[in-house]
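Two complexes follow with chain A in common, the first pairing it with chain B and the second with chain C.
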Partner chain A sequence: MPLCALGQALEHEVKAAYLFRFLSFVEWPQSTFLRPDSPIVIGVLGADDVLAELREIVPGRVVQGRPVAAVRLHEGASLAGVHVLFVGREAGAQLARLAPTRGVLVVSDSERGLDQGAVVNFVRAEGRVRFEVALDAAEQRELRISSRMLAVASSVRPGKL
Partner chain B sequence: MRYRVLASLCLWSAAAGAQGITLAARDLADLSLEQLANVAVSSVSRREEPLSRAPASIYVITGDDIRRSGATSLPEALRLAPNLQVARVDSSQYAITARGFNSTTANKLLVLIDGRTVYTPLFSGTFWDAQDVLLEDVARIEVISGPGATLWGANAVNGVINVITKSAEGTQGTLASLGAGSQERQVVARHGGALEGGHYRLYAKAAKRDETSLPGGASNRDQADRAQVGFRADWGSPAEGFTLQGDLYGGEIDQAAQPREIDGLNVLGRWTRDYGDGSALRVQAYFDHTHREHRGVFKENLDSYDLQAQHALKRYGRHRLLWGLGVRHHDDKIENSAALAFMPAQRTLNEAHVFVQDEVSLRPGLDLTLGAKAERNTYTGNEFLPNARLAWQPTANQLLWSAVSRAVRAPARLDRDLFAPGNPPFTQLAGGPEFQSEVSRVFELGYRAQAAQNLSFTITGFHHQHENLRTLSPSPAGPVIANGLEGRTTGIEAWGAWRGADWWRIEAGAVRLDQSLKLKPGATDLQAQPGGVADPESWGKLRAAFDLGTSRELDFMVRYYGEIEGRSVPSYAALDARLAWHPRRNLEVSILLENLLEARHVEWSPGAEFERAASLKLRIGL
Partner chain C sequence: MRPLRWIGASVRRKTMAVVIATTVIALLVSAAAMLFYEVRTLRETHLAELRTQAEIIGRASGPALAFKDRKAAAQDLLMLRGRPDIELAALYALDGTLFASYARAGQSGIPPRAGAPGYRLEGDSVTLFHAVTDANEDLGTVFLRSSAGLRERMQDYVAILGSVLALSLAVAWLVSVWLQRAVTGPILNVAGAARQVFERRDFSVRAEKRTEDEIGMLADTLNRMLADLEREMTERREAEGAIRAADRRKDEFLATLAHELRNPLAPIRNALYIMQAARDNPAAVAEARAIIERQLAQMVRLVDDLLDVSRITTGKLNLRKEQVDARAVAQSAIEAVEPLARARGHALRVALPPTGVTLDADPTRLAQVFLNLLNNAIKFTDPGGRIDFEVEVAAGELVARVRDSGVGIAAEMREEIFEMFAQVDRSLERSTMGLGVGLSLARRLVELHGGTISVSSAGPGKGAEFVVRIPLAGERQPAARDDRAPFARASAARPHRILLADDNLDFASSFATLLRRMGNEVRVEHDGPAALAAAGEFRPEIAFLDIGLPKLNGFDLARRLRGLSATAGSKLVAVTGWGQPSDRQLASEAGFDDYMVKPVEIERIQAILRAA
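Coming up: the complex of A and B.
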């Protein structure tokens, strides 16, 4: 019963904040960045409300020494240069069609997100937005996820390592 | 930024509703993952409150701030608030206040834990050796400096502290924590699970604190053992919820020749209903029993019963109304000694209140809040506690506010019923049969701004005019407690936070106090200082938090307190450092080093001397 949570906000605002905060807890393969100061790019597919919030958050922010950018992706667009791909609920059907791409943290927003290959999936639990993590999918994409992020996850699917 | 933090559903918001709890200008993107996981969401926007619009001087300590401070007790966690004076007296006693008048029996600060007032009617203050919570359960602590009398009643003169614990749903699973250091050892366990239609948690906490030393090196003989268990269960939905919670605690504290024993238990039930149209109802009842024995001095058994209701009405035109009422009953039984006596030894105290507050939207960005409370108490009858607050938001990122309030500190048993020695003639001290409420008229002016995306600050100027402050007047029979003092406290408090990058942030705050107290014409005071009051003129706190890589945290906390002239406590500065490592999910290992700057310092007199200390803490979540 979230009667006394930290406060209240709209769901898409919380998801956007999560997407931004995740950046501090993920290690990407070095080669996914062209230059030492290349931005971390969050691509958003099918969730314009989350994208709008992200665009308010990211200007001027620096994470792991890099600026952050948020871009809108269209169905079938290339994932080159994208570090986080958020697949919104409306675009959930496309999740299963994505080939596992090295260095892309796929975040989904659907019940079976992790089964369909996402690394992180948002879940709505009794009035709050939580997230679950699939370490096997992270390993497949050569991503390292910090134990501090795992500690907050509502559930963690183990990896092979 | 358009982020909003809605207070409408939050536990205190009913009370706070109009005060509008805010998160110290931190927007969602600056919350930690843990905090985000605790933000209640709604798909439709209810009552939208732009960030930072509370027209009051509020500092919010988050649960994550507490974890990163390494604090192991509630008073230590309160050190994080720049607007509080926290002075540690010995192993278990503290003197804590806001805006001056500090003492171990400080009586102008109201403290609530999940809506339960933890003050004692013995002296209108808090026994810090008795009150504690499981810090891991704390969602946040709201520290309001300045009066909150209209909403919270008499004794909320200089400030209000609201300790708010997480819902049971937010503490599921099992947590264990072990801490050991040069001064203290502590063990904590908590388990949370699901219930039919809700959630519960159970916790236990035990701590052993070593004796401290007095200046000069002699033992202070104040070794302390304390244990506490408790539970909380929450059922229902955001629309209708029910909470039941309780705690049971006990402790033994050596105090040289007068060892203390404390124990107590409390149970609280709360029902909340949110009608979804901006109106909400909250009904709360609690029972609190405390037992305290200062061997050879006095023994007290206090039973308190409290019932209150608050109703926030749907917005009507420009008005948003909040009203409430409540009753409290204290049954206080004291066993007197040869040293002192409370007379009558047994006393029933009754309080009743009704309040109403209207938040009027004068035009977009300009709000006027008018409120008043009428409170009735056993000693002085009716008290009237009004306030007016004006809030102006020239832009979305700025708030300029001003407030005028009247607050009173109603008499406590200490003022009216205390006599020494324990049998007549009372040559040392006699309670004042005519002792009246201490009254403060308070003027505040504040400015808060989100100056940049990563920089926010707040500054508040205040002027308190005091009347009828407590004095000890001579009489032919001996000293009598009276209202012989008046004066003013003027000051500035300011704090801000700057996030340099995603992996580090700095917070700093400082307070400057200027007190001027004088005896009323014809009055005399036998206390060393007028009114027994002695405060530092200034203090400041600085905190820097670094995330090193993805699994390490480094925190530095510095505090400085100016000299307390009237008590011969020299100024001091203390630096604490904490290094934490998360080797894997749900495991935290941390080292805390305290008081690094000076070999020893005192914070209060008479009081212990605190040395450098080190401790190691292990926290495991299952």
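Coming up: the complex of A and C.
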């Protein structure tokens, strides 16, 4: 089974929780939302267990004054209306084929995730789930990531600014 | 009041106690108030600070909690190293399990699980559980334990209070010392003066006035009181001295009086014995009667003097002034003393003015003055001496000089001899002594005549000279000679019906005998109503009425008699005894024609009978 369990929590549960937490520390361009109360949409590609867990978490939750929604994405689907794209380990190969899209926080779960254009990548360190952040990729997609989130990242790839 | 007993004794201690007690109480009250306020604000600010701190830690550790980053959380807690008051700190995950902790060296006791949010005070420390939220999301709990530092603060306060108290007490002591100098000092000074006066009975002590305030006024008042008291005490001492001297003179006078009254009694008894034993020898009997008469005269003079003295002391000595011839008055005095002067072998030289020098005077009293001076001169001059009596007119005054070659008078006695009962020689053995009232009487009589009396003497053994000055009558010349003059000879009067009313049986019967001897018809009654009843049938021409009659007094009796037809035209004569109201005015208003004071003189009675 999974490499390790974090406390009683299973790895996919942790990742789902982290994905939800990320919403608090990210600032999207205003134009990516149609209305002031449009939901923040998390799209999940190839990680059904994480999606299932997210669907447990999000109902009724409000982040930055908006509801949160989790949707399943298929290979080649449009990224319009999606704010967070999680590319699961099984779908890692597709990561390189994604064109950098404005306003989409791409979160990967592979060893070279950041090199392949992800903004945040889950890593394992000391038996725990950690994450790394690529600021250059964030800048490219016009996203702003809170320094408070960076403070707990296992590593941060600096941006150009 | 027992704790205050030790300060009860002294004003100085009281002021010191007041100053110190005030200072201490004020300090303690203000310190307690400040401490209470300080502890409250300290707690509140401390709690607020702790909450802020928890909030900051929560904010900072939010991501660490969110992403389960224990290392980051531990790092976050480490920043509390800069806060020495925070002893323990911990972060708890959402499920309440311990996530990260921090403990200052030597501190322990981190709760294993998160508690409910809120604070608790435990002795000197405050513990606080505070929820960590981020964007409305509960992330966990932060725990802080801090020592509020109350104990240290309290210790600091007590130390500060102690030193302030010590300093204040020192200042209060200085103030009370100053107060003592400025306030109690003058009070003690005044009190000391008062005590000195009381203990030593020395009224010349004065309190020193040191200040211009109320205490200064107290000192002034005390001094004024002392001055008054001193003056009064001096006056009282002098008055007491004068009273004692007068008292002593009176005692001596009484002794002398007894002696003088006793002296004539022995010869009188001897004479009576002779009269009894030598009944057949007319020459011896005549000799004995002469002795009795002489001694009796001496006693009468003594008693007269006594009466005069009491009249003077009670202010009842009145003059009956009339136009008198100075020469006649002097002559009568000379006639009275000539036998005595001759008996003592003195040479009496007399120089009188011519008749026609008139005085407005009481002839009897004026003669008495000269008589007293001449008697004195004779008495106080050893046998064979020289007495000069010169009367002349000078500067509108009658000047009478009595000069002798006798014992003289010491300078210091010159004023004193005019005092009542004064005796120059106080030995009882001196044969020539009198009652000591003569000169005093003489001076009083001269003063009543508006004149002066003075004495001069070259000293003891060198004689003395008394000078009497009396103003002349002025323009007025003597009217027709008054037949009632005391020295006028009695002439026979026709018989009268006379009513006599007096409650003194002896006086009434002797007076009635005298009047009957003169050939009058006399009726005697002893009270007012009886006299009134007798008057109706007896129809008296003359009535002698005592003023102090029983049942109906003399004044009322006179009014009733005037109302009776039988006595409306009778001659009414008031007779007053010693000590009775003797007001001529009252008598005249009651209807009396004349007025006599006991003892009545035969000459007066004869004059009245003649006139009726």
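Keep this in mind: the second predicted complex is superposed on the first by the 153 of 161 C-alpha atoms of A that agree within 3 Å, B and C clash if a C-alpha of one lies under 4 Å from a C-alpha of the other, contacts with A are read in each partner's own complex, and residues count from 1 in each chain.
Heads up, the rule we're going with is that contacts are C-beta pairs under 8 Å (C-beta built on N, C-alpha and C of every residue); 3 or more make two chains touch, one makes a residue touch a chain.
Remember, predicted model here, so these are calculated numbers, not experimental data.
The superposed arrangement places chain B and chain C in clashing positions on chain A. In the superposition on chain A, A:21 makes contact with both chain B and chain C. Contacts of A:72 after superposition on the shared chain: neither chain B nor chain C is touched. Using the contact criterion defined above for the overlaid structures, shared-chain residue A:59 touches chain B, although it does not reach chain C. After superposition on the shared chain, chain A has more residues touched by B, the comparison being chain B against chain C.
Touch criterion not met for A:157: it reaches neither chain B nor chain C. Once the two complexes are laid over each other on the shared chain, residue contacts for A:89 go to neither chain B nor chain C. Applying the stated contact rule after C-alpha superposition, one finds that A:13 touches chain B and leaves chain C untouched.
In this superposition on chain A, the options for chain B are 145-153, 217-225 or 307-315, and chain C clashes with just 217-225. Taken together, the two structures place residues 6, 14, 18, 21, 24-25, 61-64, 128-130, 148-149, 151-152 of chain A in contact with chain B in one case and with chain C in the other. Within the complex formed with chain B, the chain A residues making contact are 1-11, 13-14, 16-18, 20-27, 56-57, 59-65, 124, 126-130, 144, 146-154, 156.
The residues of chain A lying in touch with chain C in their complex are 6, 14, 18, 21, 24-25, 61-64, 128-131, 148-149, 151-152. Across the interface of their complex, chain A is touched by residues 1-12, 21, 23, 27-29, 31-43, 45-46, 62, 139-140, 164-170, 198-199, 234-238, 241, 243, 272, 452-454, 501-503, 547, 549-551, 582-587, 621 of chain B. Here chain C touches chain A in the complex through residues 60, 62-64, 66-69, 72, 134-137, going by the rule given at the top.
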